[in-house]
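Take a look at the structures listed below.
What follows is a pair of complexes built around subunit A, which joins subunit B in one and subunit C in the other.
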Partner chain A sequence: MEQLTLPKEKLPELLGEIGSKFELIGPKEENGFLAFRKINDPKEVNLDILLSRVPPKSLIFQQTETLFTYAKGKDSKIQTPKIDESVRVIFGIRPCDARGYDIIDPVFMGKKEGDYTDPFYTKKRNRSILIGLSCNEPDTNCFCTSFDDSPANSKHVDILFTDIGGTYFVEIVTEKGEDLIKNLSKIFSKATEKEGTIRKETEKTAIKAISRKMNTEGAVEKLNKMFEHEFWIEAARSCIGCGICTYLCPTCHCFDMQDESTLKLGGRVRVWDSCMYEEYTHHASGHNPRPSRMNRVRNRVYHKFNYFPKNDGIFGCTGCGRCIDYCPVNIDIIEVIDKVKEVNV
Partner chain B sequence: MTDENPYQPWIAKIISIKEEASGERAIKTFRLEFQDEEVKKKFTFLPGQCIMISVFGTGESMFAISSSPTQKDYIEVSVMRYGKLTKALHLKEEGDLVGARGPYGNSFKVDEWKGKNILFLGGGIGQAPLRSVINYCKDNRKDYGKIDIVYGARTSRDLCYKDEFAEMSKKDDLSIHLSIDVEEEGWDQFVGFVPDNLKRLNPSPENTIAITCGPPIMIKFVIQNLLELDFKEDQVYTTLEMRMKCGIGICGRCNIGNLYVCKDGPVFSYDQIKDIQGDM
Partner chain C sequence: MVENKELIKVVEETVSRDDVKYVIGYKRGTYGFQIKPAFAYSAEDAKEFFYSPLCSKNLATYPLLEEKLPLRRGEEAEHKKIGIVVKGCDSRAIIQIIQEKGLEKEDVVLIGIPCKGVIDPKKIAKRFPKQSKFVDVEENNNDEYILEIGGTSHKIPKDELLSDVCKSCEYPNPPLYDILIGEAEEEFQPEHFNRVDELEEKTIEKRWEYWEKHFQNCIRCYACREACPLCYCKTCMADLLEPQWIRRSVNLSENTAWNVMRAFHLAGRCISCGECERSCPVNIPLMELNKFVEKEVKEMFDYTAGLDTEEKPFLGSFRPDDPEDFIS
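And then the complex of A and B:
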């Protein structure tokens, strides 16, 4: 892995150059929150706020997207919109959010023969080059380290930037990252051994700053035994079913498909959906397999900590802490799992 | 369902519509033909598999294919008018175009069951997926042993495929045992629920596969009675139902436990689902 450095004051120059050659997406402040948006001027990039409110999953798995258009009537004609495949650079993505893509990749891109591939997700994923940014100062509810991850993990991105004070330590992780660097002017320097040591120390300090830990050991097996337990009634008691935990989750991938049309023309549009809603599983017959909050909260927890591990061998959680930060009634997924471990079965 | 876009349906023409049951719980069988010759040629499926039908402007829903794969010129779905999409579909006329993509899900193991007796236990619109298997067995009659069809509905008006049954019992070597829930003038067959009709018929489990499809409460008692008749758990098959959107295991909503009904189902043997943990 090639290791380079870039003086911090040269970042605007770098972003300017990337932006002149490719589409550049980066973190930008919007109404007091951070959001990943197209960057027109490097000055727009905000690296002071740690996490965007909506995770950058929205860049690959869009909140709304037209899957095809149609003409109604006797000459129905269906067309798939053209999906942009040109290179796009996503700058400033945090390691946990990049790991979110790794977790849902198999869902959209298939994992075994016969699985379907979602072209909308796959093409956006493939066209994106990820330049990650290590988290030097993790937030109160960060717990990526509970999943063998690190606030400076380079594994999930193409290039990783780590702020080592006045300078970025730059790791070129993948071939995609290498190709991008080759395309840019030579404003990077080779990293020295000392700078490499500082980078490692920075990571260690950041890991130490993470105070929360999710106790996932044995969670899958424990959940196997307590589906019918009354614990779930208690766990869901305060939930108001707003769905924010799912919308802001980097690994939630549920969607609805709705027709939007005039009398003659229309399209089928995919929109994010949430298992926290009553209508989500409501059959036309009136029967609903998940009629109460209890069923829906339980499904969310099981999907992340029992079904994902069973189907993909991985927890459906990155430890970003958004569902804890934004829950209006303070449901804390770390506490839920702690309580799961305490339940007597 | 094109190679590039699995969500994009093909255009299919409704070539005929048959009213199976009328009234409040109206059921129609729609015969569909793909407009594209290539698609028509390459579309193959197995009994039990499902298809997504689009009414453009309204949406799409998943249905069991009710015709048999031995019939290659068209596919059929039998649809009860119930929700938004089925109501829109019931307003369609012959010659109208709809969207169709599939086939989806697993199937009944008709190949493995060669040489066995097959016992069908259907209720109401639940007969639709069974019809596909029945016609498959009928068209490959020598491959299967004794075939019994136990089918019931609330009233004689709600029974589907009546004329087909009449024809079959005349021509093919199949035994048909119909029932309705309550007494009606002129009805000379069994009156009562399907599980009771099953008990009365008292079939032998020997070398027999039982397939049941219908309302959940019927399935529950049919399976209970089959087990009482000494059918083993792996001799009993049923299908599960959940609301679906994508049909290809991505959109998340049709899970029962860690299984997605759209791709891991809809066909399950009783021993696969008896201990399943999930909301059904």
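And then the complex of A and C:
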């Protein structure tokens, strides 16, 4: 892995150059929160706020995706939209959000040769080069370290930037990252050993700053035994059934298919859906296998902490803390898992 | 000032009544300035109840979230009351629901709290970020909030943290209650909700630009609807597929349709608790829509929602003597 450095004041120059050659996406402040948007001017990039409100999963697994359109009448033809496959650079993505992609990749891109791959997700994923940014100051509800992750983990991005004070320590992680750097003018310097040490110290300090911890040990096995437990009624009592926890989750990936048409034109769209809604499992027959909030809250917890580990060997949670930050009734997933472990079965 | 001891005693007594199923109130949350809705099924459960200026959540939404499981043959529905801790606006929400026959007065026992206004969770979290432990806040008699963080005591002028909707609240005392905790607050002169005036001063184009900026961020999670005590339709028009009033595609056009339709459906019904705006994960200033409609309803029909259970709902009433200045 190549290790370079970039003085902080050169960042606008770098982003300007990337932006002139490729599509550049980055974190931008909008209405008081951070959102990943197309960057036209490097000045728009905001690196002071830790996490974007809506996770960058929305860049690849879009909230609304038009699968095809059609016109009615004799000459009607089905048209599939052309998906842009040119290189796109996503700058400033945090390690936990990048890890979110790794967690949901198998869902859309298959696990082995021959599995179905979703063209929309796959092409957007492949065209994206991720330039990550380590978190030096984790927030209140960050708990990525509970999943053997780190606020400066380079594993899930192509290039990782770490702020070591006045300078960015830049790690080129993948071939994709290498290719990008080759394409750019030589504004990076080789990192010294001392800078490497500072980077490691910075990571250690950030890890120490994480105060919340989820104890997942034995959670899968415990959940195996308590599906019918009345604990779930208690856990869901205050849930109001909004979709914040799922829509703001970097690993939630459920969607609904809808045909939307006017008199002459129509299309099929794929839109985000949430297991927190009553309608989510409502059958055409009128039957609903998850009739109450207890069923739905239970499903969210099981999907992340039981089904995901059993199917893919990984927890469906990155520890970003958004569901805790924005739940209007303080349903705290760390507390839920703690309580799961206390339940007597 | 609400004494927690007195609140707990009242909750204990209420939940011990034979005709009460459970009591809903507040307990301390898991971090920072978060509070949690609390459900007491026994006097023991009541011990964790508390009240402080952090208790913004409108709990009136819960009685209608009750899930009634299908009855087995020979089984009879249980007719027991739900106790709820209510501030002024929460009580008005219950009145409004009773007016609309969503609930009957007999369904609830209202434990009234004379309210001095609640803290805006977004404002206080911004002022004191990164609090991983619960921090309580008290209010003194000098219009200041007092809180202690890491051994240091902070005094903050109330005005800096108070929710915007509370500044213009006309009904701090619950108009309807069964038991009142402490003494009723003196009526105070509410401020005008000036965020609406600011908007009205803008040109149509500027106003549209403003809403466009906000609506394009809407992720249609429907937290505004779910948090709202008056959004209790069994099937929301946004969920209907046949006919489909609002498409599921998330874009500016559909998002605008959703937010405007919701505001219309709350005309003469919204009681200004501000729960929708507080819940919105993308900071849409929803109360500006609601307050605008509230103002129109007040000016044109001299109607205020949620004050009297016997009054007819706004859209279900006709008064030949209403101001009707808008008809020329």
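Operating definition for what follows: the second predicted complex is superposed on the first by the 338 of 345 C-alpha atoms of A that agree within 3 Å, B and C clash if a C-alpha of one lies under 4 Å from a C-alpha of the other, contacts with A are read in each partner's own complex, and residues count from 1 in each chain.
As a convention for this text, contacts are C-beta pairs under 8 Å (C-beta built on N, C-alpha and C of every residue); 3 or more make two chains touch, one makes a residue touch a chain.
Just so you know, these numbers come straight off a predicted model, no measurement behind them.
Contacts of A:T281 after superposition: subunit B is touched, whereas subunit C is not reached.
In the superposed pair of complexes, A:D256 makes contact with subunit B and with subunit C alike. Once chain A of one complex is fitted onto chain A of the other, the partner contacts of A:R199 are absent, as it touches neither subunit B nor subunit C. Looking at the shared chain after the overlay, A:L248 reaches subunit C, while subunit B stays out of its contact range.
Residue contacts after overlaying the shared chain place A:K124 against neither subunit B nor subunit C.
When the two structures are aligned on the shared chain, A:R300 is found in touch with neither subunit B nor subunit C. Of the two partner chains placed around the shared chain by superposition, neither subunit B nor subunit C is touched by A:H156.
Residue contacts after overlaying the shared chain place A:R94 against neither subunit B nor subunit C. Comparing the two complexes, residues 256, 258 of subunit A contact subunit B in one case and subunit C in the other. By the touch criterion stated above, subunit B contacts subunit A in their complex at residues 2, 4-9, 11, 54, 56-61, 82-86, 97, 99, 216, 241-243, 245-246, 248-253, 255-258, 277-280.
The residues of subunit C lying in touch with subunit A in their complex are 29-32, 34-37, 39, 57, 61, 65, 67, 69, 129-132, 213-214, 217, 219, 221-223, 225-227, 239, 244, 247-251, 275, 278-279, 281-283.
The touching residues of subunit A, when paired with subunit C in their complex, are 30-33, 35, 53-54, 63-64, 139-141, 211-212, 237-238, 240-244, 247-248, 256, 258, 260, 269, 271-272, 274, 277, 279, 291-294, 324, 326, 328-330, 332, 334-335. Taken in their complex, subunit A has these residues touching subunit B: 67-68, 70, 72-74, 76, 78, 80, 107-108, 115-119, 224, 227-228, 253-259, 261, 266, 268, 270, 273, 275, 280-285, 287, 289-290, 295, 299, 302-303, 306-307, 310-311.
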